[in-house]
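First the structure, which I've put down as structure tokens, then a few questions once you've had a look.
In order of appearance the chains are A, B, C, D, E and F, and numbering begins at 1 in each one.
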Amino acid sequence: MFIHNKKLQYTVRVARPDPVLASFMLEQFGGPQGELAAAMRYFTQALGEVDPGRKDMLMDIATEELSHLEIIGSIVAMLNKGAKGRMAEGAEEQADLYRSLSQGCSVQTEALLYGGGPSLTNSAGVPWSAAYIDSIGDPTADLRSNIAAESRAKIVYERLINVTADADVKDALGFLMTREIAHQKSFENALNAIHDNFPPGKLQGKPEFANLYVHASHGNGETLGPWNSGGDWRRLDDVESALPLGGGNGEAEVQLTSEEDKFISAFIRRTRSDPETQPATNAEFGGGRH
Amino acid sequence: MFIHNKKLQYTVRVARPDPVLASFMLEQFGGPQGELAAAMRYFTQALGEVDPGRKDMLMDIATEELSHLEIIGSIVAMLNKGAKGRMAEGAEEQADLYRSLSQGCSVQTEALLYGGGPSLTNSAGVPWSAAYIDSIGDPTADLRSNIAAESRAKIVYERLINVTADADVKDALGFLMTREIAHQKSFENALNAIHDNFPPGKLQGKPEFANLYVHASHGNGETLGPWNSGGDWRRLDDVESALPLGGGNGEAEVQLTSEEDKFISAFIRRTRSDPETQPATNAEFGGGRH
Amino acid sequence: MFIHNKKLQYTVRVARPDPVLASFMLEQFGGPQGELAAAMRYFTQALGEVDPGRKDMLMDIATEELSHLEIIGSIVAMLNKGAKGRMAEGAEEQADLYRSLSQGCSVQTEALLYGGGPSLTNSAGVPWSAAYIDSIGDPTADLRSNIAAESRAKIVYERLINVTADADVKDALGFLMTREIAHQKSFENALNAIHDNFPPGKLQGKPEFANLYVHASHGNGETLGPWNSGGDWRRLDDVESALPLGGGNGEAEVQLTSEEDKFISAFIRRTRSDPETQPATNAEFGGGRH
Amino acid sequence: MFIHNKKLQYTVRVARPDPVLASFMLEQFGGPQGELAAAMRYFTQALGEVDPGRKDMLMDIATEELSHLEIIGSIVAMLNKGAKGRMAEGAEEQADLYRSLSQGCSVQTEALLYGGGPSLTNSAGVPWSAAYIDSIGDPTADLRSNIAAESRAKIVYERLINVTADADVKDALGFLMTREIAHQKSFENALNAIHDNFPPGKLQGKPEFANLYVHASHGNGETLGPWNSGGDWRRLDDVESALPLGGGNGEAEVQLTSEEDKFISAFIRRTRSDPETQPATNAEFGGGRH
Amino acid sequence: MFIHNKKLQYTVRVARPDPVLASFMLEQFGGPQGELAAAMRYFTQALGEVDPGRKDMLMDIATEELSHLEIIGSIVAMLNKGAKGRMAEGAEEQADLYRSLSQGCSVQTEALLYGGGPSLTNSAGVPWSAAYIDSIGDPTADLRSNIAAESRAKIVYERLINVTADADVKDALGFLMTREIAHQKSFENALNAIHDNFPPGKLQGKPEFANLYVHASHGNGETLGPWNSGGDWRRLDDVESALPLGGGNGEAEVQLTSEEDKFISAFIRRTRSDPETQPATNAEFGGGRH
Amino acid sequence: MFIHNKKLQYTVRVARPDPVLASFMLEQFGGPQGELAAAMRYFTQALGEVDPGRKDMLMDIATEELSHLEIIGSIVAMLNKGAKGRMAEGAEEQADLYRSLSQGCSVQTEALLYGGGPSLTNSAGVPWSAAYIDSIGDPTADLRSNIAAESRAKIVYERLINVTADADVKDALGFLMTREIAHQKSFENALNAIHDNFPPGKLQGKPEFANLYVHASHGNGETLGPWNSGGDWRRLDDVESALPLGGGNGEAEVQLTSEEDKFISAFIRRTRSDPETQPATNAEFGGGRH
């Protein structure tokens, strides 16, 4: 069960309201790399996890991410506190309110739709979606996803720090950014505590294709590096001549029953394209017979 | 520019149509771990990439993923070929058609909406969304995201192999699965070819929080491991006593102008909750005065 | 800050795995009336709330809803535990695995995509969206939204109880259902603790239209009741004769500058529909000139 | 069947085109609290309703909401009429057109994508989604949802009035706002015309949990009021000591067959986290072996 | 303003409830080719239309489509009427209710979430989205979109007729299907009543590329027809040799200021991929140092 | 299989970075009428196509559209190249970076979330969705959809040209626009090469409703034209008197079993609306009993 302590994990001081900056901050509240995505990613993994060690770690970090969601949401609420009052009580100078709202789209949506509270949208006003969560229930894949997610969140915090002038907001963002670094380390260690974590899963696949690099894009700018040559890489340069890779004719086929064949053949006949046709088209007659 | 060779990268043989199996395969056509997601992930990264080596690699792999999208889509088309004809030409035995469609939701949606062609949905019929793509334009984060994405795709192919009885379809799925392993290696090598790739980005953050493990979930099942103890970890066990971490009072505050304060105070007064009220509620009177 | 106690708020016993029943339960995990929607609804309101009493109540209930999300997610995890193992390790009898997966769409998506863990989707596999949350930052509106949300969640739990045979699962669902009733009462009392809570907001509107009932649908089945007649209702029966309600000509007009008029007039001329045309159409010639 | 009278229900006068103001107005055209959401909410309820009185009322109000959709859409069309011509015919002064479009995101999307017509998006350009509609087919829940929806719509109209300087547009918004008040009254009366409307549905739940207030958030700011104390409330303050509420061990368990156990145990062994591992990680070696 | 007559435009008789068939019918209620999409497509075009003839036609057809939405929704309500009662009152035989719900995903979602009323989803349970509407405010494009939309809707009705055994439901579907044919003819005639409707819009483009067919896919199966040869087509067979089409070097370039160049160069240096690196990767060491 | 040539199909020159213009261009990268939508529309149709001629054409054009996606994405990358460096390296003058980001919502989202690379969103930041693709697997419907899609894309390019001052960007947009014209011609010719392409599909429908024009919207502005009168049109002016069109009573009915009737009757009784009730409502007592 969750318990809540009304103290924030980190104190939030905001110098003055700024709804445009608030809309930037939403990126980490309801955006794809934000704290709700992080919390739900680890929380759902924890519920499905069958290894005691990872389950414990995932619930620790999920709980902390919920607390970070509270911090970033509190920053948004403080930045919007001025707009909230003006919008609710009717501003004396409407032109001014109109002007401040017309500066950015999430600003206006925040004010009109959400009344100045933090909304679960990204900085463009797009609602948070569970499509952001990529957990699939295999620990070696999920831990790699978590490592990647933490690195993305770290970068977004860095960018938010870069656009923020308020020193206290910067300070809180710096705390949140640093915690992503710590979480990334936990997940890297947990991944490497699984023996035989590569390839993920149980099947080994076809060995003849596991070290093949398919050079499908040719022209100026080709570069060699450890990702496509050297080591145990086999490099396939003349891609078209080698088609298809596994033998056969490179076509797709299926065996139909005679009844299935009857129906699809009727469909093909009924809708066939007649190459002998010389059609008059709208494109040609430019619209309208007069 | 892209060029297309009508040969598939790998030959597709399907023993007989099976629209239910087709709907499973959609997971890798229009699902979050599928080939369109892979292709677009690398293609958009390639366009924004400023390093020649990574740009070359990303375009190579993006191009191959488009070719895999073609393979998995061809499998779907073959598995649906029987249903396509029956649906278009009017099945003789409607009850039978109705029965086969009622087996699963994407089966019926495939037939009604997409007419038996491969649709860009996952196996539940949810349309593909660019929300699946998590590229953010920093190479150390994006490469980690790519490593994770390849490992997830590998697992989904493994599961599809596990549910497929058709040996030829299994064979093609095995090819596609193996290529994900090869791509994962390319991305791992490319990540490690960036010096100083950790922490991602440029800012180092607050050192006092980078090695702290916050033990926020307590109770039976606590476990120690390299992800939360040992090494340079500092472990915070009594989380509540330590609040807030960075000092201060753990509250959120903002400085308002007097005009801002006037509006928000008016709002607070107008909408305050009166604790002395003893309200009659719908809940209490159960609806309706008679 | 949030803290987590590894004990569930309510003990979960599941008689045997049943992935189809698990997919039903997802309705309250990642569905629109589910526990994540409830938790995020109250949590975001709490962050933006400026009244101490409501803020305290909202955070209490938000925290409890997170704990309910944990309970329902644990039920899903238990119901899926059998499928998780079979899918990961490769079932011996593929035909059987295939058959059990083909029974319902979220079953297959759960298995293929989420690997048997609880996913933040509804029972049809649609990802959770913040579009489900309708908070707008006015307490009299938000509390009414919360009352409604609790009543909907109560009904969905009742339906889940109706389809569940497992007595222990029924018991846990009964607990969760009852808590929605308690929360609805809290929100009703909190709404009624706001003096002058109707109409919501500050503006009173146009009094001549506040007690008007517009009888816009006519025919068999018309019924009188306290919602459209009696009391202070004025009933408008002959809707068309009364058009437009506020005077004027019932048309939409705007003043354009001469430059604006020049452009739109050019557009109108360029694209006008010529009623004298006697067009030949595809529809008429049935396709193709031969 | 629906019939349309070309007169608007309320006359629309707009002083001059203003695409930024138009984008605000979209909130009530294609936004979550807007008129399409209202119309579809009541229309779909009316189709499924089995009580004659509510069916009649729901269709009356649904029909009026469609007419309101027409009014707000006509306001948008008038506000965009200038931009529509300039965009279609090619503005003489491109820099000016570019500047006016760059002011807000829905402005540019309206112009580029929708060509100046009203689009079914909210003020941030997010497409309307049926996820906004929360009807569930139980009248006591649906009427509460309708009451809440009307109160939200009223607030959004109030905010739009607050940002609008054009007196005639304000007048039309005032009409629309007032009608939401009247509809809210109809729905409240209809709810209270159902005897025994609380709790919603048929099941009464577990009485020992129906009057319990769980005080899950503790710290500064705790407040007593009729929503959490007094009356018949039992207040649970020491939440953790009372865990789990219904007895048992607070854990989640399921009975597996021996075959299910065999598979999941194999999975656990294969992917276990080894706490003795001292892994080298990317995080530690900072990328690259040189 | 809209008015509603309680008679349906076409009488609906349903032989017996069938929730699986109901879920198929949802394709035309809340699906992409369904009646809400049609009604909203024409209604929003009508509001933005500046030509009197098209505005009149669009509102006529939009109004009729709303009436068709009512017909198809009534069919769904009748097909679900049995399930609605059982779900609300608690079925005596739960196993039976469970079984009927487990047959298809929208069936269960309909019952659990929407309580047997028609929901604005497609047959897979995906909520209706305004992303289905492709109007852009140019009449020659929008009329072509309407022609296409009517032809798609006609096909979906044909497929629904093919899977329906109930003669009366087939009859009503036949009515709805036929009306799409009539609407398609109206839109074709209206398109051809615009002089010079090709190319759409005002700009003529680059004449050297308007009659060029780019043969970008080569291999077995190449076919000649009036769409790629003959008439005024110029056919480009050797695509790669002709790159880039308009001259230049086929690369993308931009002029940066020296400050812009300084920043991006620093970024390139900081994140460059070192081809000399011989990285050790997870992929290679398979996880974990022991 | 796809192959990639690193030369663009058309050379891209950009005079100077401009992230606001970049956000406009996204409309054709990740927007509904953009190049990904075009490529995926034709590619998925090609995979499901059973006619050799159309399959060849669809794959040719799909491949070219991918190459156009590359061109428009390269324009975006060039326009964002300045912002990318500043955001990653930390701008010296934060106020300036903040100011430039606050100009438009996709600008800020591009920078914060996507790091200056092209993102698969429209110009308002809404992620690309496969809901944009309307293919249904019938060639006469799909070709009409393709014709419409090309005409829409042509218009959006024309509008982008109208707002762009950079002559080289205009030039590239002109190329892309012209190719849409060529593709529209191919699809028109291919449609007309199908004999008997109207009505689409196989069923002819009810002849008595195929030439009927339902005049459902009455009032000022009624207009006659070839779309609603003349030729073989029958025009129904007095819509209400003619209800229902096909005979019967215009009501919706279903035959229930006695068990079904028992449940729904119990539900009706339990939730009936009592017209004699004189309810006290929140609306009336305005909140709170004191």
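To be clear about the criterion, a residue touches a chain if its C-beta (ideal position, glycine included) is under 8 Å from a C-beta of that chain, and two chains touch if they have at least 3 such contacts.
Values in this document were obtained by computation on a predicted structure and should not be read as measured data.
Visitor: By the contact definition above, name the pair with the higher C-beta contact count: D-F or D-E.
Guide: Most contacts of the two pairs: D-E.
Visitor: Between chain E and chain F, what is the gap in Å from one C-alpha centre to the other?
Guide: 7
Visitor: For chain C and chain F, let me know how many angstrom lie between their CA-based centres, rounded off.
Guide: Their C-alpha centroids are separated by 24 Å.
Visitor: Could you tell me which residues belong to chain E and also touch two or more other chains?
Guide: Answer for chain E, listing residues that touch two or more other chains: 1-9, 32-33, 50, 53, 59-60, 62-63, 67, 74, 77, 81, 84, 88-91, 103-106, 113, 115, 121, 124-127, 129, 131, 136, 138, 140, 147, 155-156, 184-185, 189-196, 198-199, 201-203, 216-217, 220-223, 225-227, 240, 243-244, 250-251, 264, 267, 270, 273-275, 277-280, 282-284, 287-290.
Visitor: So with touch defined the way it is at the top, what topology do the chains form here? Options are line, ring, star, complete, other.
Guide: complete
Visitor: Once bound in the complex, which stretches of chain B touch chain D?
Guide: 140, 191-199, 220, 223-227, 230-231, 251, 273-275, 277-279, 282-284, 286-290
Visitor: Looking at the complex, which residues from chain E come into contact with chain B?
Guide: Touching chain B: residues 20-21, 23-24, 27, 31-33, 103-106, 122-126, 155-156, 159-160, 162-165, 216-222, 239-240, 243-244, 250, 264, 267-268, 270-275, 277, 279-284 of chain E.
Visitor: Can you name the residues of chain B that touch chain A in the complex?
Guide: 5-17, 32-33, 52-53, 55-57, 59-64, 67, 74-75, 77-79, 81-82, 84-86, 88-89, 91, 129, 131-132, 134, 136, 138, 140-141, 144-145, 147-149, 151-152, 154-156, 158, 161, 171, 174-175, 177-179, 181-182, 184-187, 189-190, 192-193, 198-203, 205-207, 209-217, 221-223, 225-228, 231, 240, 243-257, 260-267, 270
Visitor: Quick check: in the complex, which residue numbers of chain B touch chain E?
Guide: 1-7, 50-51, 53-54, 87, 90-91, 94-95, 97-98, 101-106, 108-109, 111-113, 115, 121, 124-127, 138-140, 184-185, 188-196, 202
Visitor: Spell out the part of chain F that touches chain B in their complex, as residue ranges.
Guide: Residues 1-9, 30, 36, 40, 43-45, 47-50, 59-60, 62-63, 66-67, 69-70, 73-74, 76-77, 80-81, 84, 88-90, 113-121, 127-131, 133, 135-138, 201-203, 274, 276-280, 282, 285, 287-290.
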